[in-house]
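So that you can tell them apart, the chains are marked A, B, C, D, E and F in the order they are listed, and the count of residues begins at 1 in each.
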Amino acid sequence: MDKFAEICKKIKNMEIRGAEEVAKAAVRALMIKSGENSVKKLVSLRPTEPCLVNAVNFVKSDPKRLGPVALNHFTEADKKIAEYGAKTIEDGMIVFTHCHSTNVMGILKEAKRQGKKFELHNTETRPLLQGRITAKEMASIGIKVKHYVDSAARFALKKADLFFFGADAVTTEGKVINKIGTEMFAEIADKYDIPAYCCTDSWKYDPKTVFGFMEPIESRGAKEVWDKPPKNVEIVNLAFERVDPKLITAIISELGVYSPDLFLDGVKTTYPFLR
Amino acid sequence: MDKFAEICKKIKNMEIRGAEEVAKAAVRALMIKSGENSVKKLVSLRPTEPCLVNAVNFVKSDPKRLGPVALNHFTEADKKIAEYGAKTIEDGMIVFTHCHSTNVMGILKEAKRQGKKFELHNTETRPLLQGRITAKEMASIGIKVKHYVDSAARFALKKADLFFFGADAVTTEGKVINKIGTEMFAEIADKYDIPAYCCTDSWKYDPKTVFGFMEPIESRGAKEVWDKPPKNVEIVNLAFERVDPKLITAIISELGVYSPDLFLDGVKTTYPFLR
Amino acid sequence: MDKFAEICKKIKNMEIRGAEEVAKAAVRALMIKSGENSVKKLVSLRPTEPCLVNAVNFVKSDPKRLGPVALNHFTEADKKIAEYGAKTIEDGMIVFTHCHSTNVMGILKEAKRQGKKFELHNTETRPLLQGRITAKEMASIGIKVKHYVDSAARFALKKADLFFFGADAVTTEGKVINKIGTEMFAEIADKYDIPAYCCTDSWKYDPKTVFGFMEPIESRGAKEVWDKPPKNVEIVNLAFERVDPKLITAIISELGVYSPDLFLDGVKTTYPFLR
Amino acid sequence: MDKFAEICKKIKNMEIRGAEEVAKAAVRALMIKSGENSVKKLVSLRPTEPCLVNAVNFVKSDPKRLGPVALNHFTEADKKIAEYGAKTIEDGMIVFTHCHSTNVMGILKEAKRQGKKFELHNTETRPLLQGRITAKEMASIGIKVKHYVDSAARFALKKADLFFFGADAVTTEGKVINKIGTEMFAEIADKYDIPAYCCTDSWKYDPKTVFGFMEPIESRGAKEVWDKPPKNVEIVNLAFERVDPKLITAIISELGVYSPDLFLDGVKTTYPFLR
Amino acid sequence: MDKFAEICKKIKNMEIRGAEEVAKAAVRALMIKSGENSVKKLVSLRPTEPCLVNAVNFVKSDPKRLGPVALNHFTEADKKIAEYGAKTIEDGMIVFTHCHSTNVMGILKEAKRQGKKFELHNTETRPLLQGRITAKEMASIGIKVKHYVDSAARFALKKADLFFFGADAVTTEGKVINKIGTEMFAEIADKYDIPAYCCTDSWKYDPKTVFGFMEPIESRGAKEVWDKPPKNVEIVNLAFERVDPKLITAIISELGVYSPDLFLDGVKTTYPFLR
Amino acid sequence: MDKFAEICKKIKNMEIRGAEEVAKAAVRALMIKSGENSVKKLVSLRPTEPCLVNAVNFVKSDPKRLGPVALNHFTEADKKIAEYGAKTIEDGMIVFTHCHSTNVMGILKEAKRQGKKFELHNTETRPLLQGRITAKEMASIGIKVKHYVDSAARFALKKADLFFFGADAVTTEGKVINKIGTEMFAEIADKYDIPAYCCTDSWKYDPKTVFGFMEPIESRGAKEVWDKPPKNVEIVNLAFERVDPKLITAIISELGVYSPDLFLDGVKTTYPFLR
């Protein structure tokens, strides 16, 4: 099996995971074997993963981008998001987060690095407990963490000053697809006027949704929730939910800190190939 | 150790658990050794447990009640709550519940016994997963159950027709103390106009709260949530929260189906000793 | 056929209509033939009509009431409701109403009689256009009326100072059953803080609902809406809907002007036979 | 009378009706007699009808557009709207609509053509009962329709998955002018988080509103509502109302599925002559 | 002039001020000259002042109450209100208040006396700046006060844990009449779920409102706001506004801590003469 | 001291006040001494004053603008804002405003000049009572003014048809920084669906906020509120607050009448140097 095929296989079987890693792998695959067929092949591996599709289109629309230009996009975007997001944190604040997002972590690390004093309150995020990864990672660099079960989120949020969350995809209506629970918590944040910032690389935008295409919500295996559920008990394990843009204060991306609508406008203007 | 002391010990060390069981044990203790001192002793074991205090006062206010009258209160109340609550369930409905409540279970069993066709959607209820007990018990008598992680409650509620939950205590302002998560879910139910019924024996009413006494919220051990949390991570494990009466459609008790205010009025009229 | 049977027949076949008229006819029937069997027969004719059932129980609980005492209840109640309700109207106000309610009309007539200057804005109330009866009757005594199609109710309400509506029944949870559209309009009134008063004889209270009994909503014939609907078109013609007590400022009854909860409390205290 | 004058007359006296038909007629008139004077004349016939004004400006800004280019705009836009909108409908859904909109009908037809299984619930839309036209047309192609009086819309909406409506005009603040009732129903849809899509050709955008010009609301004849209203009864027959953009999930136009703000931005970018 | 007439005069010309002082003076007047005529005279001096009317009726309904029983009512009620209210304050809390209320001050003093650590945040309360009196009095006993202009109340409330306010009257619908601004602030408190407690002697209840009587709102002189306003500028100086019961968590009175409805029920049961 | 230094000094010590006046002074300073160093010096005088920074960048990005072009910007913008805003006022309307804004005054003057009949209701705006300046100025040209204390704003707003306010700055998230009280009143306006228009020159936009920079809120001297507050009383005198864009119907600027998002988009397109 050639190297191109190898990468394709790893993307397909989830050996390579995470929107950013998958997108970078696709760029590297195109560096090995470019051309229309390779593009088609790569897109077919994860047709509902906007970040991969956008990276491929970025490269396709201008061959000079194939290589460092594309690969560096993510590193530079992560850095800018960290920088812009850190400005919203002030001394004494409590930041609330759900699940585990690289960009949220980046912001917190940058704020910590600048010497800001703040606490992180977070959920465990059942069923996979990614909240523990977040808690561990942040605690290890000296951020004080308070950790809650998911159903205590409303209690935790009432004391928070900011709510940060990531994104798996952003639709043309401004809806953010993120871990189940995000919209319920965004609704609570909205009720208490706590700013809810989605922190994400703008390439999570899914241009297909312009034409009414509904981003599907992944339903995952029952075992993640309950190993051997009794007869008559069906486990509904939706991994994500859609967050209404009216509940999102702003999207912090490499483009800046913008309302969902202006973020979408910025994406179209800055990356005309994202179509 | 005499039998009275033995019961006291079991109440104290939580060998006897559950508001109803504790209250019945206290009545049995008084049958062994009655009198002012016994009353004081029993109340001192769980001063914030209204059901025990109310049962003891019930007996104290009229000696004829010491015995079957007091012991039967719970059995009869449970039966009436099941009967009244079952009337609110119609064929084709989806009932949502959180945690595990004897009275909610009683209602569902009675509706099932009457041949009503409905589904139960419920949460796992971290950290102790009492939602699994609920799911198991209901599935075992043939009710179809859909089971969700707690953070998916909003998604589950949107499809539900009724939200049932229990009570650990009811305050004079009409607030219900129940498992953490109940108020967040009651808020979602309120948003979608899904009736939210608290199903409880009226002896959960706490008369001390008339005079501004604030029902305390129990904070439980970290280990229930995360066995060995890393340094810098504090586990906040609140077992309960207060549900605002404006989010409660009605309280289904042995007195009938009443708004929180009329429930409180009914308690005062029916049980003048609850003071 | 004897006179008792005749009245029963007229109640059954809807020759006698209107909650109040039906209740009075039942009292008159009992004056002809009293006794347990007559009571049962009368209640069986309209088991879901609280006013008839309450009138029959009123008489049954004390034989001295059989005759003028029962018959006068309605006349006196109507007079008091008109008197109390009229006090809420001030010069220059706009009153909004939906459908046709005897008690609402009574209030407006009384206010007009007192020389108050106000306008009535009302809906046509499809499908039976009872709003025209309301408009005609009020215009005939010199009240200025503005008349709207039902879907313009939000526009009309925004300019109104008061919203008056009647009741077909009141449940133990404080819900008012009234003409379809009432809850949608009460929601709009609530949004704009326009007081929404239910104007009704307290005997519309349905004591059966204490025990979880759900007041059924009558579905009426398609022809009322569309004489010959095409194939594949099903007419859903619900006559009533339930109005949530949180949307009702107060119930104006012969007992006074009370919140739904205090109204229910007043009914239980004043009319202990209503059970 | 020459052909140009004849078309003008028909536009003036409403023989030619419907925003799209009027706009196409204006284009055909300009094909007969072009020039500044003709443009002025045509605009003067319906100065508050954005679709006509926009079509005329489209042609005026580039003579090559005079003819098929302009005439085809509508056909192509209708097709795209049907295509994009149909994607939002999934099997088992209930679509709610009010009044009669060509673009909403187009979407439903396209979804039906694709074999999607869904129901349509709609209002009769007093006073002119355009809802019957909608019901008839959709039922005739095999869509199952449930038909309600307007005041039952809240009840109907609670069971719906989507709310589609048309537009007579869109202002620069993102407000949609549509049949009276639309905003009340959009408010109910918003409360229950039911997506509310405005389905419209983007040429309904009214550029005059950029400069604070308030789109007037047409008041129509009393007879449409009540043939011979009694004295003292004034019929208020507003044909339209403004729908606040915060109640509109997205506008489905030939440009795609966009929030009101991004729709407006798209119009300005795509059709720079719409000013 | 005799002593009775002298007191009457002082009540009339506002030499004696404050609901409680006026009521006590009326009782003292009746101790000098009792009888039906004296009662009528006293009530006529301030017909819209429920506290005076209730005190007079209290004495009238049972002559034994004329003297210390009536005079002590207020002292004892004030003490109980202070005691019950103080229980709601916990260490570290921020209490927000508007204007100047004897009962609110009593609660804060009692909490301070018990050694509780809390801050008071309050408004200046234009035009008469009673907020300064509150701030001064509380600061003088060592409570830390933060003082804001009225328009900053929303900012101040967001940081508060409790909102306390007094009452000039309570209506039968549960509305509290209090200083202008109270409802706006109660609405903000409601939005943020900050408990809003009305602290008042239950004799502020106005029984006339049972029958639809609308408590009038006093309009005070322009000079209080602006000494010499220019021509064309009308000063609207409403002293009070009505606070909707749905915005009031509970009323803290000598009867206990109750929802508005249960407070009203308690008043009727405890003081049957208040009619 | 040279003329350039003199202007700098006057800007620094607040002899020159008001965003527009300061910006014009800066332009005049650059006409005396242009160049990179002068630009830096001027920006350093008021780094958080977007209008000055934007004017300086306007001139810097194209030397031809140095002089009348820049100086005329404000005059022309003021005129356009007055013209567009005046169109939103209709005969019989009540306009509500808070504090004192040149652009709001301009709109009212223009509407008056056009012969429109309307009333102005406004607040006194403690602590500096700028509301009196507004009232005086408008009354002097014959507009009828009703003047309220700040805490009566909710009462005043309920009767108003429009709410106009100015801006000190606009952030990239669409938040408007304006006089304390503005957000509380915008929230009330939102509740009652009263259009809330921010009237401002688009150069109040602060481009720094794109990158997460938080516009600071100025805290002013205690003496403005209370000359000699007692010990233990801290005066919190925040001059401004942030108004959430979801509470702003539209921003009326020289660009037109646009939603906050479209306003921001317009600024970026029209003034690419504003970065």
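We adopt the following convention: a residue touches a chain if its C-beta (ideal position, glycine included) is under 8 Å from a C-beta of that chain, and two chains touch if they have at least 3 such contacts.
What you see is a predicted model; the values in this text were computed from it and never measured.
Minimum number of contact steps separating subunit A from subunit F: 1. For the copy pair subunit C and subunit E, the superposing rotation over Cα atoms measures out at 120 degrees to the nearest 5. Looking at A-B alongside B-C, one finds more C-beta pairs in contact between the chains of A-B. Comparing the contact residues of subunit B and subunit E by number shows a mostly separate set, under half of all numbers used being common to the two copies.
Each chain gets a centre from the mean of its Cα atoms; for subunit A and subunit E, those two points are 53 Å apart. Averaged Cα coordinates give subunit E a centre that lies 40 Å from the centre of subunit F. With centres taken as mean Cα positions, subunit F sits 37 Å from subunit D. Separating the CA-averaged centres of subunit D and subunit E is a span of 55 Å. Among all residues of subunit B, those that touch two or more other chains are 191, 193, 246, 261, 265. Taken in their complex, subunit A has these residues touching subunit D: 172-174, 209-214, 244-246, 260-261, 264-265. Those residues of subunit A lying in contact with subunit B across their complex are 98, 123-127, 132, 135-136, 139-140, 142-156, 179-181, 183-185, 187-188, 191, 225-226, 229-238, 241.
The residues of subunit D lying in touch with subunit B in their complex are 158, 191-193.
Of all residues in subunit A, those touching subunit F in their complex are 83-88, 90, 193, 246, 249-250, 252, 256-259, 261-262, 265.
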